[in-house]
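Report on the following structure.
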Amino acid sequence: MTNRVQIVGATGYGGLGILELLLAHPEFEVTGLIAREGAGSRIDEIYPHLVGRTDLVVEHAEAAAIGADCDVVAFATPDRVSQGHARALADAGRRFIDYSGDFRFRDAADYARYAERHPGIAETSHGAEELLGRAAYGVSELAREAIAAAPIVGNPGCFAVGIILGLAPVFHDGLVEGGVVTVDGLTGSSGAGKKPSPLQHLSHLNDNVIPYRVLNHQHVVESEFTLGRLGSAEGAVVDFVPHLLGTTRGILSTMHLRLTRTVERASLLARYREFYEGSRFVRVLETPPTLKNVLGSNYCDVSLFPSADGRRLVVMSSIDNLMKGQSGSAMQNLNLMFGLAETVGLDRTPLYP
Amino acid sequence: MTNRVQIVGATGYGGLGILELLLAHPEFEVTGLIAREGAGSRIDEIYPHLVGRTDLVVEHAEAAAIGADCDVVAFATPDRVSQGHARALADAGRRFIDYSGDFRFRDAADYARYAERHPGIAETSHGAEELLGRAAYGVSELAREAIAAAPIVGNPGCFAVGIILGLAPVFHDGLVEGGVVTVDGLTGSSGAGKKPSPLQHLSHLNDNVIPYRVLNHQHVVESEFTLGRLGSAEGAVVDFVPHLLGTTRGILSTMHLRLTRTVERASLLARYREFYEGSRFVRVLETPPTLKNVLGSNYCDVSLFPSADGRRLVVMSSIDNLMKGQSGSAMQNLNLMFGLAETVGLDRTPLYP
Amino acid sequence: MTNRVQIVGATGYGGLGILELLLAHPEFEVTGLIAREGAGSRIDEIYPHLVGRTDLVVEHAEAAAIGADCDVVAFATPDRVSQGHARALADAGRRFIDYSGDFRFRDAADYARYAERHPGIAETSHGAEELLGRAAYGVSELAREAIAAAPIVGNPGCFAVGIILGLAPVFHDGLVEGGVVTVDGLTGSSGAGKKPSPLQHLSHLNDNVIPYRVLNHQHVVESEFTLGRLGSAEGAVVDFVPHLLGTTRGILSTMHLRLTRTVERASLLARYREFYEGSRFVRVLETPPTLKNVLGSNYCDVSLFPSADGRRLVVMSSIDNLMKGQSGSAMQNLNLMFGLAETVGLDRTPLYP
Amino acid sequence: MTNRVQIVGATGYGGLGILELLLAHPEFEVTGLIAREGAGSRIDEIYPHLVGRTDLVVEHAEAAAIGADCDVVAFATPDRVSQGHARALADAGRRFIDYSGDFRFRDAADYARYAERHPGIAETSHGAEELLGRAAYGVSELAREAIAAAPIVGNPGCFAVGIILGLAPVFHDGLVEGGVVTVDGLTGSSGAGKKPSPLQHLSHLNDNVIPYRVLNHQHVVESEFTLGRLGSAEGAVVDFVPHLLGTTRGILSTMHLRLTRTVERASLLARYREFYEGSRFVRVLETPPTLKNVLGSNYCDVSLFPSADGRRLVVMSSIDNLMKGQSGSAMQNLNLMFGLAETVGLDRTPLYP
């Protein structure tokens, strides 16, 4: 039986990503493309690379009943959009997955910490906070059962996916001294979406590296909550510096921490492989991850390098920010929500070279 | 029934490309990876983006009987390799497809014109010229029946694919004055393969444009023969200037010609669409093609712009040089050779953004 | 004696370019930076790479009398700005140079042909057409005396510089059959200025090639007038296809033509060298020009390749679009206007690698 | 009086860089270009961007007496070249500056620590260790007097320049807890020189990020020695992860440390500005540094961000690796060695955009 998906925010990169995955998926069907801009146009007029692949037309939000004619809604929208529709959907028994921070947090207190870090929503309160407890946080590998059962899935932030998957085993095992990690994250420009801006202008960004929101990025909040509550972890502090690169796709995170006890590399690698057994999208490698080795795929590559004295550790992870960092994780979560193997429709070789 | 393929030259970009397509194909199986370099290694050690996707091991050419244990051999090798094995394969009744210029020409005279333009093989004669007549030239859209029946397919040169598909309808209809076209071709660096060289060094090529082999590229020869013998065409002269770009993938060809009679844009577009009816990989567009709109896919996008007086015409085409320009065409030809729909295993959305 | 320059449109890439050249020039001084955006800010707040190099402050256009407190005004502004100030400046005896198409044409008829090709100013008439005859068109190498004497200089369009310098000798000598040339131009993104747009978005343009305004770019008009009136030329038709590249700087133009008579390469090269004797910024090379070989400099590199039969010719030229294609030419013209050697302040080695 | 320089290793990027700076310098003259490859060619044949700027010819090492006909030798050579000539030059009273690690260390013990980290020279001993004590380590801002007086200057490693200038004030003031810093360094490809390699191949590196030599890069050694011996510092441990980017030029270093006491941002910025007073090439900024803001210039941009609780600190610095990271520092040191202002010949605006 085909599962029917409505995409809200269909004309941004996030909407495009899940549309492409769903079009190629044997068990899902797209029943509606909803967006504020581009309504009335075929999606292949907006994105000509789709010519010949779909004749779907974008509809205006007002013209379409959000949640109608579908089994699940995918909100590929900014913060504070899905929370405005959440109660109506919950009342109608309609499940949804959301790309923003709206449903990544378990309660109002956690959400408030996030909101104060986010420049777009600072000092606002949640519009449907009673539903936060019913949402699952969608780093698939860490919460398969919760995601499968949840009426709402909060799809994770792109940086958070790479940080959390890279560090989950050491936080789980209580190996991080003081719970403190420093992370330098490098991201392609597509993470900021398709909207033109001076920062995204090719003449400015090409061949450049631009650090931004130093120690102040909102994805840190969900990373700290998630890592700090795993297994033996007793909280997490993530000192995070994001850097914008002159590339389109990819996030590489380099993470530094002090170990609570000396660990050899071989045993750490073995522990990571055990931790991610059955998680086909996490590849634990001997060599450093790179952006190109995961491009266009749903993989998260992870690698580990302890210092010579075994007291400090470098962990690196790489993802395609629009796949494992966004629509790939969403597809994986939709698979889980509908009882499918998490890899269906995601079995793609990275595009190299 | 699964068709069994042996890949020779498996560790170059061409071998990698057909390997990836075959691994994901429901009707083909790879039975051997043969290469001079990397023998003894798993292919995912050489290309770590393949970790988790295959455990195939590269074998040395001497250690493996070329053509053994397979239904077809794919030679992803330079000029003059497959011609050395051609007689033995023909005698054994083993079909093969070849990526080089070895079997792109119908007879020794045509091949000689090619050889004199090719810096690597100048002044050599063909090693198996009696087999040239049994080979089909593999621009799939123009020769489906010949390819399906042929024991040997000469996979086309990357530039030639874009030029030929872009100009076939106007040559076929006798619309090109004097048969003369001027073509500026822009190519990503991967067309030159994985071998390091000063020209391919990132510090040299990044942000650069480097014209090379001006009016002297060997792909012109197969383009001239193919276009000049279509329908009402009476020969072709292609003045071609290739330009190397600081990108990895993609070829965009801009082609200029004088029309033998005034033609309106709408009727030309209609004619192109008619010509390519049933050719799902050729997309005739109203807007100019771009590299990114075909990236990672097997599409060839084509667009047309006559001059205001309707006497001169600009045709543009774009392909991914490693897909439609190489392994994608090879996969399409293998499908045809084994009686499958030409699109099987090639139904991929371009990677955008 | 220092010459005093006021820059109007100081915060765009054009204003920035001439500011940087003037700051380093021994004979010029900048007395005012005027712009609509950024007024009140120091220019090094808008462009932090200038920290430590100048403390000039941007003034609002209304707050500053255009043409006051200076010997010359440099309008680094879009079309139709300088023509609004031209009469007042002429009346005050103040010279100016303009970056737009406003003063590139000798009379209203020529300007009208340009205006109808330009999307921003179509169907408008010139605001000071009686002054067109007093302006010199600023391809410095072709009009040194006129520029030195003119009260107004129309700085040339970026594509036009590369096309005109590449083709001037063959048009001058009547070698171009029918006066027809086809030109494929490749440009970095900075030619479109600093304003964000979907086309300039890094995620869209990076690794891409995007043809645009096919056979319909406004720079063709000044190229056709200039080339078609040189020496023995009898008009010019330039079929021009601009292509946007995912690089920041540089224009490479590949130009094709049929020769009126057979010419050998050596004699053409000799003729080009003779034609450009004394023109230090035009380098006639044996090998194809590249973008990087002129990056950051005022050079125009030119190279020539006849077909084997000597009847057709490929000419290629490369420039830095923000230098020889814009502010470098402006600086060269300002030098000429003030009786200085044209190379002063422009003696820069290209930035390679 | 003009100072006369002989360049050894003249055809690599390092030799090219110092050649270009010297050609434009009012007080220096290049008397010899010596190299193993390219001997007999004009340097503008090897680097065509130099056409019109010099007619110097490269000589073979054997053909030229190293140190003859000059006041100073610039060795732009790999490790273990200059140490083979050092005694002869010292005996002849000829000063030299060296780009490799040969003379960056004060004694044999320090050099041994470096050598064991360097893959190219591991387990070798120094060829002229008695001269190590006479060499000055050339981070110009920290050792002007020593450099001015020294017969030998060891030009610093590219990463080391950015790390040392970024952290010198906090190490000097004893503010770094345990002397431990973690550094993620991002570098363009030109740091590896012009020699082709798989890692530098555009198809591999373009759009990529490739961490390498994790916690094991040889530039750490000189950084640790230099920082750990400044003012109140009591040693330094630099956990360093270099990352190769798909850009040509630039190094951005992001450095994390714990402070020995709480410090406010304003006072730290003030302290940095005081520390670098009179150092025109170090710009202490409020906003994060970027690669493009220093491109082609000798600047080192530095910025500081303490954590909210004031106990941890992020310092970022950016340089052009071929200028301040190599030839720019060399030129600055040559100026100091010959009693000139350190900025002569280096007064360049970064190339932006």
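All chains are identified by letter, namely A, B, C and D, in their written order; residue positions are counted from 1 within each chain.
In this section, a residue touches a chain if its C-beta (ideal position, glycine included) is under 8 Å from a C-beta of that chain, and two chains touch if they have at least 3 such contacts.
Bear in mind that the values here come from a model prediction, so they are computed numbers and not experimental data.
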Between B-D and B-C, the pair with more C-beta contacts: B-C
Centroid comparison with subunit D (C-alpha atoms), farthest chain: B
Inter-centroid spacing, subunit D versus subunit C (mean Cα positions, whole Å): 37
For subunit B paired with subunit C, centre-to-centre distance based on mean C-alpha positions, whole Å: 40
Subunit B and subunit D, separation of their C-alpha mean positions in angstrom: 46
Contacts with 2+ other chains: residues of subunit D: 13, 188, 190, 194, 203-204, 206-207, 246-249, 292, 295, 353
In the complex, subunit B residues that touch subunit D: 13, 188-190, 194, 196-198, 200-207, 246-248
Touch list for subunit D against partner subunit C, complex: 13, 16, 20, 23-24, 47-53, 190, 194, 206-207, 248-249, 280, 283, 285, 287, 292-297, 299, 301, 322, 347, 349-353
Contact set on subunit C toward subunit B in their complex: 182, 184, 186, 188, 203-204, 207-212, 214-215, 239, 241, 243, 245-250, 252, 254, 256, 288-292, 295, 305, 307-308, 312, 314, 316, 318, 353
